[in-house]
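In the two complexes that follow, chain A is the common piece, with chain B as its partner first and chain C second.
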Partner chain A sequence: MNKSLKKIKILLILIILSVASAQINYTGEINPFIMTRTADQSQINLPFRLLSLDVGYSKGPLDLKTVSALEHRYNTSESVYDLREIYLAYYPDWGEVKLGKQIHAWGSADGNNPTDNLNPYDYYYLFKLGVGKKIGVWSISTKLYYGDYQIEGVITPKYEKNRMPYGEKDFPLALAEQPKIEYPVDDELEFGFRVQTTIGENDLGFSIFRGNDRSPSLAAINYIDIQGQKPQMIPQLGYRTTTVFGLDFVTFFGDFTIRAEGAIFQTKTPMIKLNLFKIPTSLYEFQEEVTYSQYVFQIEYTTSSDILITAQLIGNQVGSNSNEWYHSLSRELIEFPNPEFHPGMGTPFAMFSDQVLLFSSSGVLMDDRLELKGSAMLNLDKKGTMINASIGYSPWINWKFELAFIQFSGDNNDPENAFTKMENFSHTRLGLFYNF
Partner chain B sequence: MGRKSQILLFLVTNLMWGQPTGRSIIEKMDQLKQPIDVKILFKMTLISTKNGKERSRSRELTRIEKKYEDGTFKSKLLLRFSQPKEITGTGFLMWDRIGSDTDDQWLFIPKLRKVKRIRPNEKNRSFMGTDFSYEDLSERDINDDIYEMNGEEISNGTICYKVIAKPKKKGVQYGSRIIWVDKQNSLMKRVEFINKKGELYKILDIPEHVKNRDYWTATKMIMKNLKNNHRTELTMLNIEYDLGLKDNVFTERFLKRN
Partner chain C sequence: MQKRWLILFSTSIIFGQTGIEIAKMVDERKIPKDISNITKMVLKNSKGKTRTNLMVSKSMDGNKKQIIWFLEPKDDKGVAFLKIEYDNKDDEMRMWLPAFKKIRRISSKKKGDAFMGSDLSYEDMTSRDLQQNDYKRLDDKIINGKDCFVLEVSPTKEAESSYSKHISWIDKSSLLAVKEESFDKRGALKKKKEFSYNKIKEYYVMERVFVEDIQKNHTTEVIFEKIQVDMGVKTNIFQEKNLKRLPAIN
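Let's turn to the complex of A and B:
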């Protein structure tokens, strides 16, 4: 007994000594805000990150990082703790190895990256900058630095899907209720590989990723036809398997910086695994194989007064699309109407349109006290615009008040247009930031 | 030759040989013993003056720099912000190549979790809204300028040589610099930046130096922008020399590790 106690004491002393010699650092942000709908001045009730906290623990070549948030919603006064990332990072001389729940960042463009599909998106935070709109995935990643080359590999054993708002009256693109997924992902393993090199003043990257769609798609239909009643078609959802080939580059042209990336997605409905003894006789499977592409072409320019002006052309295009319906038992092909194709991966802005032009600019004045940001998104495919402007004022260091305004305009004759649906989401946001 | 003429000739010759040239003054300053690497924590205060009232805003950052003698790089520099908290972890990496007109520069923004390569010809732009340009942060090669001695003058309470430095090549933000070099210790005390129109637009004052071990360090630097009545003050809070920093400190990998 005494011996065990002694061992525990020694272990505790070793842990304390180890912690004492390590470096602990933290940063955080408290950001309460209210959103008021432009149309009727009513409050928009959606969850938001009231508190964000990043804690790091470093000792020699090892880091332990956690990124967490406290998500709050006003109407229910609910607060949920979200451990967004927790990973161990090892930095040997040749590169880095990270293990745990983490957010990766691939691609060269700012904010919209079709080549970056390692993490699902949190659609509640679609308009957040950078990694704020992504969801961490349990993964192991390694990056090797060799001369002008960076070689990176990521393996994700556990699948994660996008977080979509369901049943949210205040988010116009939300579905009424969470759809039932009849066919969850069977092979959860996902992996990616990326090589980046520097040629002169240009950076060039190539990547491959194989994983499962982050949003569900139609996998089958249960066709119930009872005599004397109207036939019922009950859609059954699953996730397609997608392979992404990406290319990205950064180059400089005079005073302009050009960042561009493009990705080709090869997506396929996986074979449905059915219980041989319980296959419904009325089940019709949908098999589709689609090749589509997404691209972002970004030009940025910084004025002499440090105002950054950026223009992005974001596009989404379906190439080949082959699909067929067949009966699950007889495997006989059936003539059913083909549903519209929706990408299950790629940049979230593809859900708004097949081609958008995004202008943004930002700058600071009065020695960082005043921050001005503005952006405009133009739908080039159909009618639609989004205008966003914000003004931030920081009277004291680490404190900032922000007033933001977002306005969507769609097409009154096209109620299905995403911009038309979002019109009612136009709002003014008043918030406070405190960083510590 | 009369006795008077002999004395005059002696004085002129003596003055000619005794007075150092502009280049020799800068060479002597350049030859001051410098550490191989250095890590400095400093406070950067931006001060604006309007209607006689001063308003200031401070940032805190660490500067890690290593000098090279391997023929490829002149120096490598890493800057990391720790205050204000909103930009904690934001980092800047610069590789200064020997014989190259442009540097390689990268910026790391934690919210994007990406290292962004910055256009190299942004050297003449303001560094993060300060009165220092990216170019001011990098050391100029002694052979990049032509020097001309311009007398002596007191600057920051010290008798200094005044040297005019004019860039040999085009593409530099200023037309010339007037450099005040402390006569006794060969320390840079003041630099006046003159634009290509011949107008004085920026003044760098270095009022304080301390000697730690064998090294002289400027503990305070004030860059005044005369066009907008604005200045940036750098105050050293902590300094460490010759830490034996490895090359991998000056990489994208380390830049991301905040």
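Let's turn to the complex of A and C:
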């Protein structure tokens, strides 16, 4: 017992000495805000990150990094701690190795990245910029720096899906309840590979990713036909497997910066693994194989007054689509209506439209004290617009007050239009930021 | 008599130097192999309101390689900037944005853009290539008690400069620039700069830069603190991956 205690004491001293000699860096933000609906001034009650904290321990070539958040809801006064990232990073001369729960960032464009599918999205934070809308995944990544080349490989052994706002009355696109997933992901292993190089003043990247869709899709139907009753078709959901081939680049044309990326997705419903002795006679499997593409083309310009103006064209297009229904037992092909295809991976804005034009502008005045931002999204596929504007004022260093508003306009004749559904989400936001 | 002729001859050689010769002397001045410092940048607008940025900087090869990590204000903490100047290809400027977990490439042609909202542009932070400028010697002047060469420096078309010319006052005894005026493409005075130095080891190292943007009525004061020279900064620190790691701050 005494020997064990002595060993524990020595270990603790070593840990304390190690931590004491390590460099600790932290940065954080406290950001309370309220959102009120434009239509009736009612408060929108959705969870938000009240506190964000990044802590890093560095010792030699090793870093231990954590990113945490405290998510709060006003209506229930509940606060939930979210460890968004925790990973060990090793920086040898040739590159970097990271192991743990982490958020990756691929692609060249800003905010909408079809080639960036390593992490699922948190749809509660869909309109947050940068990595704020992503969910960390347990993974190992290695990046090799070789001359003008960067070669990166990522392996994710544990699957994570999108976090969807099921049952949230205040989120217009949410489903009433979380659907039951009959066929969860069987093969959780996902992997990706990316090569980036610099040619002159241009950066060029190629990537491949193989993983599971982040949103469920139809995998089978349980067809219940009881005599005297209307037949029921009960959908059963699963996750497609998808391979993504991506290309992204950054180039400069005069005073303009051009960032673009495109990805081709090959998605397929996996074979359902059923207990051979327990296959229901009423089960019909759906096999779908779809090739679709997404692209983002971005052009940006900075004026002489340091105002940044950006235009983005975001598109989503289905190429080939083959699907069939067959009976699980007899494997006989059946004619059933095919569901509409929805991508389970890629840029989240593909759920709004097949093609949108996004303009944004930002500038600072009064030595960064006043920050003005604006953006407008135009649906090119159907009728629909989104306008977003914010003004931030910093009376003291590290403090900022922000007033923002967002307005959605859809098509009154098309209630299924995503922009129409989002009209009730139009709101004003008043918030405070404190950075430390 | 011979001694007088020698003094007269030597004096005429010194004071007969052309602009390019003076520029070469300045360029060949002994400089540290590497410099590390904490940089404080105070921005002041026309109303007297100030904003302070704090950074850690490491550079080598006469500032041809530089990496800067931002510490304050706190919402900028973690942002980092890497600049590598090349002789035979386009310079590289990259910025690490922690909120996006991405490294953004900045065009070397955007050198005229302001650095972090200050009155210093990216061009002001890059060294001037001797071959990409024309030099004309103007009348010598005395500035703050210092006898100075005055050079008119005109970037060639190859330099792709955002300036049409600079007037530089160079202390004859130390060959250090003490003052500079920079003119925009229309030939109008754009910026006035003043430089102060400190002797560390056998080098004169810049310890303060004061920049006044005449057209915007705005100033930036850059103060270099905790300056360390020739500390053996390794070349491999000027890599993208190091943008993501804040260095030890002593």
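Heads up, the rule we're going with is that the second predicted complex is superposed on the first by the 430 of 436 C-alpha atoms of A that agree within 3 Å, B and C clash if a C-alpha of one lies under 4 Å from a C-alpha of the other, contacts with A are read in each partner's own complex, and residues count from 1 in each chain.
What we mean here is this: a residue touches a chain if its C-beta (ideal position, glycine included) is under 8 Å from a C-beta of that chain, and two chains touch if they have at least 3 such contacts.
Just so it is clear, the structure is predicted and the values come from calculations on it, not from any experiment.
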**OP:** Kindly say whether there is room for both chain B and chain C on chain A in the superposition, answering fit or clash.
**Re:** clash
Original post:
If you stack the two complexes on chain A, which partner ends up touching A:N323: first (chain B), second (chain C), both, or neither?
Top reply: neither
**OP:** Using the touch definition from the top, say if A:T243 reaches chain B (first), chain C (second), both or neither.
**Re:** neither
**OP:** Scan A:G200 for contacts with chain B and chain C and give back first, second, both or neither.
**Re:** second
Original post:
A:Q23 contacts which: chain B (first), chain C (second), both, neither?
Top reply: second
**OP:** Please indicate which partner A:N435 is in contact with in the superposed arrangement: first for chain B, second for chain C, both, or neither.
**Re:** both
Subject >> On chain A, positions contacted by chain B and by chain C >> reply: 27, 29, 56, 63, 91, 93, 95-96, 103, 105, 110, 129-132, 143, 145, 150, 201, 203, 250, 252, 255, 257, 302, 306, 364, 366-369, 397-398, 400, 433, 435-436
Original post:
Which residues, counting only chain A, touch chain B once they are in their complex?
Top reply: 27-29, 56, 63, 89, 91, 93, 95-96, 103, 105, 110, 129-132, 143, 145, 150, 201, 203, 250, 252, 255-257, 302, 304, 306, 364, 366-369, 397-398, 400, 433, 435-436
Subject >> Complex contact set, residues of chain A against chain C >> reply: 23, 25, 27, 29, 54, 56, 58, 63, 91, 93, 95-96, 103-105, 110, 129-132, 143, 145, 150, 198, 200-201, 203, 250, 252, 254-255, 257, 302, 306, 364, 366-369, 397-398, 400, 433, 435-436
Original post:
Which residues, counting only chain C, touch chain A once they are in their complex?
Top reply: 43-45, 49-52, 72-75, 77-78, 89-90, 92, 97-102, 105, 107-110, 113-114, 117, 218, 236, 239-242, 245-246, 248-249
Subject >> Residue ranges of chain B in contact with chain A within the complex >> reply: 46, 48, 55-58, 83-86, 88-89, 102, 109, 111-114, 116-122, 125-126, 129, 230, 246, 248, 251-254, 257-258
